[in-house]
Every structure is written in C-alpha cells, then in structure tokens.
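Order of writing sets the chain letters: A, B, C and D. Residues in each chain are counted from 1.
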Amino acid sequence: MADLDSLIEDLVAANRILASEGIVDAFGHVSARHPDYPGRFLLSRARSPELVEPGDIMEFTLDGVATASIPAKPYLERFIHGGIYELRPDVQSVVHSHSHGPIPFGLTGEKLRPVVHSSATLGAEVPVWDAQTSFGDTDLLVSNVAMGIDLAGAVGSGNCVLMRGHGSTVVGKSIREAVYTAVYLEVNAELQWKASFLGKAKFLTPGEIEKASLRLGQARPGEGFNRSWDYWCRRAGIPSKPNA
Amino acid sequence: MADLDSLIEDLVAANRILASEGIVDAFGHVSARHPDYPGRFLLSRARSPELVEPGDIMEFTLDGVATASIPAKPYLERFIHGGIYELRPDVQSVVHSHSHGPIPFGLTGEKLRPVVHSSATLGAEVPVWDAQTSFGDTDLLVSNVAMGIDLAGAVGSGNCVLMRGHGSTVVGKSIREAVYTAVYLEVNAELQWKASFLGKAKFLTPGEIEKASLRLGQARPGEGFNRSWDYWCRRAGIPSKPNA
Amino acid sequence: MADLDSLIEDLVAANRILASEGIVDAFGHVSARHPDYPGRFLLSRARSPELVEPGDIMEFTLDGVATASIPAKPYLERFIHGGIYELRPDVQSVVHSHSHGPIPFGLTGEKLRPVVHSSATLGAEVPVWDAQTSFGDTDLLVSNVAMGIDLAGAVGSGNCVLMRGHGSTVVGKSIREAVYTAVYLEVNAELQWKASFLGKAKFLTPGEIEKASLRLGQARPGEGFNRSWDYWCRRAGIPSKPNA
Amino acid sequence: MADLDSLIEDLVAANRILASEGIVDAFGHVSARHPDYPGRFLLSRARSPELVEPGDIMEFTLDGVATASIPAKPYLERFIHGGIYELRPDVQSVVHSHSHGPIPFGLTGEKLRPVVHSSATLGAEVPVWDAQTSFGDTDLLVSNVAMGIDLAGAVGSGNCVLMRGHGSTVVGKSIREAVYTAVYLEVNAELQWKASFLGKAKFLTPGEIEKASLRLGQARPGEGFNRSWDYWCRRAGIPSKPNA
C-alpha cells in the first residue's frame, strides 16, 4: 500500500502542477496506471484539476468502468487513458489537456518537432489524430472505448499526440515524466511557432533527440524530471518531499 | 422573488468572472433578461464590472429606460442589450466587451470560426457589424435604440457579433452560457490567429459544431457550462454554491 | 495650495498606475505643468515610478533646471518634458516610457494609427522621431534642451510621438488624459500589430477619431478618463477619492 | 572577506532576480569570478535559482572542479562558466539560461541585434554557437571542459552568445551588468521579433551602440545597472541596500 499511497500523492501533485503551470484549466486530466494491477488505472472524479484531492481518485478498468460503485461522476474522456494503457504496456501515466501552444499545429498539419534539448521527450515528430477520419462528425470528445483505442493507435510508440480541434495527450513512464513532457510540449510549440516566422528552423537531429532523452530519463537526483518537478511543486504550493 | 435573487447573484458573479478572466476591464458589461418580465432586463449601473454588487443592478425596459427613478448613472451602451432582447426572445443574457482577441478579426474581415470543440457555441462564422455602414461617422458607441436594433440585426440567430473598431457582443440562453461563450470567443480568436501563420487551418465542420454545441448545452452537472463556471468562480474569489 | 496638493496627489498616482499597468518599469517618468506657474513643471527625482511619493516631486523650469537646490538627482531625460511644455502651452502632462507595444512601429516606419474608439486620442497617425536625423550618433537619450525641443517639434499639435530605438512619449490636457493615452497607445499597438497579419486593417476615419475623442474628453463623471482612472487606481492599490 | 561576502550577497540576489524576471526557471545559473583568486569562480550547487541561498554557493577552479570536497552536487553545465572565465580575463560574471525570446534566433540564423538603446550591451550582433559543429550529435549540454572552451570561443570579445537548440549565455564586468544584459537580451529579442513582421527594422548604429553602452556602464548612481538592479530587487522581494 505504501507504493499506492505514494503514487496517489504524486498524482494529486500532478493535477495541481498542471493547473499551476497553465497546462489544464477547468478541463484536462492526468492518470496513472495502478502499481499492483496493470489492468487498472487511477484518475480523479470529474473535477477541475487544481482542486483534486486524494479522496477524489477513482480506479478504472481499461475499458473505463469504475471498479467500485461510488456515486462520484467520472470524466467523460476517461477512454483516452484506458485506450493508451491497453495498447502501451510501458506507459505508466497519461496527461490530456487543451493547452494552447500545440493546438495550431493540430489544425494546420504543420509538424511539431523538438527545437530544444529540453523537449527531446516529444520524439522526432508529433502525430496528429483527427476524430473525423474514423468517426465522421462527432462532438470531438473521446467518449467511448473505440475512440480511445483509435487515439492510442495514433500515439503509436511515441509520447505525444495532437488531437485536431481539441487538444493533446502525452504519456510517460512515470507521472513525473508525463507532466514534464506535457509542459515542454507547450514550451516547444511556442518556440517553434515563433521561430517559424524568422526562417527555416533547425530541429534536433535524431541523434540529439536520443541523447537528450537519455539524459532527461536518467535517475540522477536533482537533474531532469526531478529538478523541474520540485520547482513546479513549490510554484503550486505543494510541500516538497525527498525524491524517490 | 427567489428566482430574481438567484439570477442577480449569478449576474454579479458574471461581472466578477469576466473581470477576473480578462474579458472586461474598466469597460464592458453583462446583463440578464428579467425572469418575470421578459420586456425588461437587469444591468449594473455604470461601474467597472469587478466592483459590481447586488445593489448596483438596475432594471430597464427594452428601449433602455430605467424602470425606477434612482440617481444612479446607467451605462451609455445599454442599448446593445435592449436591442438584442427585443429581436431575440430566446436570449436570456448578453455580454459586451473590448476583449482583445476578436478585435483584429473585426478590423480585417478575416472570418472568425470555431477551431476547437470548446468554442462550438460561436456558431459557424461570427458576423461583423460596422457602425459606419448605417450611421456614418460616429464615436462608434451604441448610444441609442436605433443603433442597438441595427446591431441586434447583425447578430441574427447567432450567438456572437464583432463590432468593427470597438469590440464584440455575445448572447446566451443563460448567464452561464453567455459568459462561457465570451471567454471562448477570446480563446478561439487567439488560437485561430496563431494557426493562421502556420498554414490553412481546419475549422470545425457544421456537424461537429452542432454536436459539440449540444454537448455543451446539456444540463449535465459537472460538464459544460457548470464545470467552467465553478472553476471561474473560484478564480474570481466567489464562494461556490450548488449548481441549479 | 489646494490645487497644487491635489495635482501632486494625481501625479504620484499616475506614477504608480503606469507601473501597475506595465507601461513603465525601472525607467520612464510622468510630469505635470505647475498649476500656478506655467513656466515650470513637476517631476519626481530619479526613481522607479512605482516607488514615487509626494516628497519626491521636484519643480523645474522649462529648460530642466531645478528651482530649489535640493540634493536629489533628477531624471536625465527631464528635457523631454521641458521641451514639450515650451512648445505646447495647452499641454498639462507628459508621459515618457519604453512600453513595448509601440516600439516595433518606431523601428520599421509602419504607421501607428487608431484601430479602436478607445484609442482615438492617439490622433490620425503617430509621428516617429529619430534622434539620428538632427543629432547623428547619440546614446539616444534626450539629455539636453536642444534634443527636447527637437522632439517636441515632432509631436507637433498631436498627442503622441514614437522615438526610434528608444520608446514613446504622450501628452494630455490633464494627468488623467496623458495616462489614459499612454495605456491605449500600448493597447492599440498590440491590436494593430496582430491585425496586420490577418489582412488590411480598417482604421478609424477622421470623423470617428474626432467624435470618439470628444466623447472621451467630456467631463462626464464615470465615463472616459475618470472611469478608467478609478479602475487603474484600484489595481495599483491607491485609495479612491471622489472625482473632481 | 568583506568583498567576498558582498559578492556572494549580490550573487544570491542575482539568482532570485533572474527567477523573478522569468529569465531562469527550474534550470539556468549565474556565477561570479572569485574576487581574490581569478582562477576560481563561485556558483550555486545544483538548485533552482529562486531557492539559492548563501550557503549553496560553491567554489570551482576554471576546469569545473570544486575546491572543497563537500557532498553537494554541482550543476552539470558549470563548464560554460569555467570556459568563459578562462578565455576572458575581463569577465567577472556569467549567466546561462533557457529564456524564450532569443531561442528562435538561435534556431533560424536570423541575426539578433540591438533595436533599443537599453540593449546596447548586446553588442552589434549576437553570435550563434552550435554544439553540432565541433562535437556532432550530443545531448546539447555543455558537459565538459572542451565544450566550455569551444563555447567561450564563440563568445569572442562580445557579451552574448546564442546556443542552438538550447538557450543563451551572457557575460558582464560585474554581476549587475550580466543580469542586466540577460534581461535585455530577452527584451530585445521580443521587440526585434515583433518588428520583423512589420517591415525592415532599423537597428542601432555602431556609434549609437558605443555611446549607449558607455552611458549604461557609467558608475553614475541611480542610472543604468543600479536603477534597474534596485527595481528588480524589490520585485524579487530582496531588501534594498545602498549601492556600492
């Protein structure tokens, strides 16, 4: 249970960090795969992320069914999370948001690619998923298992996907990595957008992406995901705790 | 009277939310149709919206005449509200603002159209009203009944209108819907503006607009207008109350 | 003396409002013509505007000489103010700033013109003054009487001037009007800049500029300069007082 | 020791100012050359700059080796600082950051040049260093002596360098000058970026750069680096102290 409690603590912190950093607002959500039951995931009841508390965390099977019959209302789009956990056994956390930076790329087909080492975790090129392609006219929300699986297919083996007319979703091997990538997807989109007016931007090479990702993913205390996590905790008013 | 008190409470909250979210500043106003007398509407006395209190709310007939002779000065542009309530019996709330995002679209004739599901309530295309067309050189303020009716004609059966060289006005079937649309008119304008430099943006299809609007308008607690309303109330420092 | 005290109170408030609204930072200054001696003006000692207090206000003759030998250091660029008061007997207040919005217009020769009724006080077109033209290579600061008079000549009979590679200066018939115009110069620059990418913007017509300026300049309590002044006072933490 | 204590006080303030002004976030660092041993420099242990305290300051030789064996982890990129102090005996302080404004210039080869007198310390044109040129595919971090020296070579006799796909580094003859230049590198990048869409911008002439730099560098109390330093101290919540 210590693992679960610790994970829920990080999950609640992730909700608040994403709100504090402007990645989510009234909408958006972050989940984690259950540490003991890989066929389940943890996600808050339908609530604005900045308000989420440990007691709000619900448990779902990968088809989006709550494992306990409690009266709380779940997020409509929990199928985003379930679909990705289904197709990607390596993924431990998923963030979905409407953060502004990436949306123009999803609307225009301009490829979003890493322009700074800090955003190497985006991968070489961020794919765009359009609900219209497989499902025709919808309200654009991922509101059932079929849409969740279709979206997960677009993520492929990468870490991010843009959702046309909607927002974006990122994944990570930990909550901290997913939060990091969600923030740097926004940062990179802003930088690439600005660079696109000055001339042809030089993107990271495949070799640079690989090496910078490796550096970020290292479990070196104080570097990479942990230093930014601690920084964002302070900004969100979350008491710091020693890194795992 | 319970209905009226509750409506005034929402109207005061709407003033503060619009200020807190940066849609209005020293200028701009929001009104509601009177719940008992459809030929009247409720609007604060001339005051910066973030300061509005229940005691500031005045009652006007649709031609902009105060129904009680109190010494408070009304907004000059109350005719915006009266004109729209006159031509649109279905409208229950009106927001007028100078929020920055939509203004460049009103200046250039570039069509403002929904680019994300969250802004489906804007309708397929936002019309532009130019005071110059019917009234020649004016100070651009909607300062009499004729101008209010002319502006309302430009709104047509839609939810928004841009006012060239001035700002914009949105309507809703409730105060919460009008506030929501006012915020997402700003969000959509910013996203569309940014997308326009990357390439040709894909707008929502008519079918997507219809389905996403329907979803937003559903009285499903915790979704659509109510979740964002609660979120904005907290940001504006307004104590939350159970949703109707 | 009541007039002078009241004027100094507004001048101190103007310093704080301009800081609070982001028009000035460590640099920039605002002055007022002396109410009793039109050949003198009031300006703080060299200090960041947000810190200015009544005791900081110094008195200068129009050639920038302090009228009392006190040990305080004056702003180097007090000649901006003296030059304008010399050439423009109608001007009662001057604001100089490095606010960001107008600077790109001063660098490129793109004409800055009013795009919304709120910025009608900018006049039909804002001139650009380049220190290089009359003085060759300088540090670009207006550091003597000759430069101040040259700059004032560029203002002409208008209310604003852009200073190439430096910032901008605006004037008003009152402190409140000068502050208002300084803020809306920034707002207009931002809006015009954004509109310029969408297409050809429609500017206010000469007739609209005249009528909107007249409306803003009216001494109608609660409208125009006073409503925004009160709003900005609150944001700057300045206790409100009844309007004159 | 008085000199050292005073320098450390300024170095800690510099960390907090750079955080408060948005130049650094979780990442970025600022150092000073040791006042008594020019072959050493002072730099915090690996920590987000806004948290740095006097006890965090470590001492390094120019090849990045800590002079005392304390358990604190140093910044990986301390070689940026060592390399520059090695090649540039006149430099007393170095700031490295990922501040957003200059990055698009480093990506596209568009030359960053001073557009306002306040940014004259940038020099005539800011060079771009690309780790790829000498080192091929790396994680883009300056993680050894060779990379630090190579970067320092690109700085040449100037004050700034852009680092492709990474960020930027600036130097100064004092901590206050380096902090000033770091802030105005960001300001200038934003202004130049915006101007680039309106037309061909007029940059400062070489003579203007020289004269404006001279003015900024003067030890005239209350002007130049000190006025902005005091202003930024207040914004960062640092108690003011008399200028040296």
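Some notes on this structure:
The rule is simple: a residue touches a chain if its C-beta (ideal position, glycine included) is under 8 Å from a C-beta of that chain, and two chains touch if they have at least 3 such contacts.
Note that the structure is predicted; figures quoted are calculated from it, not measured.
Put simply, the C-alpha centre of chain A and that of chain D have 33 angstrom between them.
The mean-CA centres of chain B and chain D are about 47 angstrom from one another, to the nearest whole unit. Chain D has residues 197 in contact with two or more other chains. The touch graph of the protein chains shown is a ring with every node of degree two. Applying the touch criterion to all chain pairs gives A-B, A-D, B-C, C-D. Contacts from chain B toward chain A in the complex involve residues 115-118, 120, 187, 190-191, 194-195, 197-202, 204-205, 207-208, 210-212, 214-215, 221-223, 227-228, 230-232, 234. Contact residues of chain D toward chain A in the complex are 25-27, 46-48, 50-51, 73, 76, 98, 100, 103-105, 107-110, 130, 132, 136-141, 164-167, 193, 196-197.
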